[in-house]
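In the two complexes below, chain A is the common chain; its partner is chain B in one and chain C in the other.
Moving on to the complex of A and B:
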């Protein structure tokens, strides 16, 4: 690939290099942005777990356990991004083209930004769960169940981003139309950026729900139901982004 | 350039995944998706060949992914035999197996009754079975030679569709006409008059579809992601030590949590559909 320069990168002979290059760039976007959200979210959970142990040292084992469970779930957003990165780096480019190149970049952007929002949101939920456990150690069961449900819903947005990224990676886009290539990039941006807000927003809803469960455990069923309804509305914007992303991929 | 396919087993793995993914439920999607193997085919003719059972019924080609099917039946056999063995001679003072089974079933019984009230008993078998099946399905990969059936999207989508059907039929059964009215909420209010909001209807229906997608893909993505990461790290570290711990974290840790999450989401979806405030 030595003879490929910036001048002929967009020419037919440079397409293989361009596709590979965009794949690498996408991989960097995916894991880089995911690391931002996951790092902050996990750190926030650990922060609250530490201050909770200060307040309630007797509950240190259960707080530690809850923190690790929460961090494992938060981590799964980063796992999605890591998988997409690995596929982008090691996967083959059987049919290099301008459209395929931008599709690979879009896949990385999609899952990277999506993971950032979702991980931050589930970190917020986990943080308040640790805080609540320190406040009221006997609510452990209800707290864990509510926290896991909330975090699962928070991750819906990154799951949508993952769906878009997988479609972009495994589909074949043989054409070289510039407009279609940009539409594919737009699909990735739509799915990725659209997942940031719902991820953080549903995380806020979840964090207050687990806070409520720790204050009033008898209302946990009502709280979970209300939380889920609110999160469904907050989540609807990420569904719009998913619809737009699929339209950009399949209708343009 | 290191190729994923240089790893033993990776070729058929990627092929199976492509095959499984390239037949999504929507026909318009499947037309657009290609059958190009994900991994470079340099010197690896085996890529894209998956253990599929192909036959034709009335001229229509039918393909069945054999491996997830066999694993699913293995897991079912495991639970049937365990349940039969554990409940063969029930005792007042239970032995170890009976204690474990009682703890499992009792915990889920409490959860369902806490969430659904007096209707909890009706849904307890479904939720418990989902958890029991998926938890074994997710951790089965730590045994050599066995593969997680939840790594195949067909399996997870089937579970999500089962939950979807149960949620909505129970919603219609318990709420009758109010169930359909709720699809139009929040309504537009003009001078005390409530007008059904058609825009919200579309959004609510799309949201319900989104629940199925996210429910299925959350499990699928976590389990598939775990196995891809273990394979790649195994290759990069030449199978030295690290993959074992990764497998423990991704297979046992994430696998058990995701199985519980799947069952809990099914339970909360049911609760939202049937519980009236």
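Moving on to the complex of A and C:
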């Protein structure tokens, strides 16, 4: 193998090294940012579960169970990012090119930032569910259902980011066009950052809905309906980001 | 790799800019609309009789909050399709 220097990294002989390098950088972005969101989200849930157990020791088992369910859902965002990271580190036997290099970096950015937002939102919902269960242990059933419904909507934002990342990893981009390479990086940034806001926003809606269910269980059907309506509107911006990302991948 | 001309650089940065525009532009509306939906749920839990009014107000507030997301979408589409 020729010696690769910064000078010939962007020349044809350096393309293999550049593709690998961008793949590793993408893997770091993916799992690094996902860990930030998942750590904070799961920690927040555990925080509320602990203080709930202090207030209501009789319900400690059901609080622990709800906390673990919520953390499992929150963790799934990080698992998506872990899978993408492993694919970027070990699975990149793609034809090296400038476009492929930037596509791999974009895949990491997309799923990393997307997972951070979704995990934060999911953690907010889980935290308020644990708090609500400590307040009224009898509402456990309605709380679990509302929490899981809310978290399912929250996770859709990271699923959009995951779809874009998988397209960027699996498709072959043999060309060396600088324009297309930048369009692919833009697609990753659009899908990734675009998922942060909707992820946190839908999580905020879910957290207030589970709080309401625990205070007023008779209104839980009405609350779930309002929550889903609000979340659908909040989720729309992540769909715009997905559309822009797909346009940048396929229409340029 | 061929040399990158000034026109190539402009087009490349317009595509990168489109991605950044829509990506960051989606953060604010997403969080803001979530706030509105959350507070609407809180209000309905306190007073379920007012659900119609609260839902209507929530949707009006979210529509205004959505507008900046739509500005980002429009700018991103212009940057992709203006064909400079």
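Quick note on the criterion: the second predicted complex is superposed on the first by the 250 of 252 C-alpha atoms of A that agree within 3 Å, B and C clash if a C-alpha of one lies under 4 Å from a C-alpha of the other, contacts with A are read in each partner's own complex, and residues count from 1 in each chain.
Going forward, a residue touches a chain if its C-beta (ideal position, glycine included) is under 8 Å from a C-beta of that chain, and two chains touch if they have at least 3 such contacts.
As the structure is a computational prediction, the values presented were derived from the model and not from experiment.
In the superposition on chain A, A:205 contacts chain C only, with no contact to chain B. Of the two partner chains placed by the overlay, only chain B lies in contact with A:162; chain C stays clear of it. In the superposition on chain A, contact of A:148 is made with chain B only, not with chain C.
Of the two partner chains, neither chain B nor chain C is touched by A:21.
In the superposed model, C is the one of chain B and chain C that contacts more residues of chain A. Shared-chain residue A:229: touches chain B and chain C both.
Contact with chain B, but none with chain C, is seen for A:171 once the two complexes are overlaid on the shared chain.
Once chain A of one complex is fitted onto chain A of the other, the partner contacts of A:73 are limited to chain B, with no touch recorded for chain C. Once the two complexes are overlaid on the shared chain, A:35 sits clear of chain B and of chain C alike. Legend: residue contacts after superposition of the two complexes on their common chain; A:94 is shown touching chain B, with no touch to chain C. Common to the chain B and chain C interfaces on chain A are residues 222, 229, 235-236, 243. Those residues of chain A that touch chain B in the shared complex are 69, 72-73, 75-76, 79-80, 82-83, 86-87, 90-92, 94-95, 142, 145, 148-149, 151-153, 155-156, 159-160, 162-163, 166-167, 169-172, 220-222, 224-225, 228-229, 232, 235-236, 239, 242-243, 249-250. On the chain A side of its complex with chain C, the touching residues are 10-12, 98, 117, 121, 157, 176, 178-179, 181-183, 185-209, 211-213, 215-216, 218-219, 222-223, 226-227, 229-231, 233-238, 240-241, 243-245, 247-248, 251-252. Chain B contributes residues 2-4, 18, 21-22, 28-29, 32-34, 36-41, 111, 114-115, 117, 203, 206-207, 210, 213-214, 217-218, 221-222, 224-226, 228-229, 232, 249-250, 253-254, 257-258, 260-261, 264-265, 268, 271-272, 275, 277 to its touches with chain A in the complex.
Within the complex formed with chain A, the chain C residues making contact are 1-2, 4, 8-9, 11-13, 15-20, 22-42, 44-46, 48, 51, 54-55, 58-59, 62-63, 66, 69-70, 72-73, 76-77, 80.
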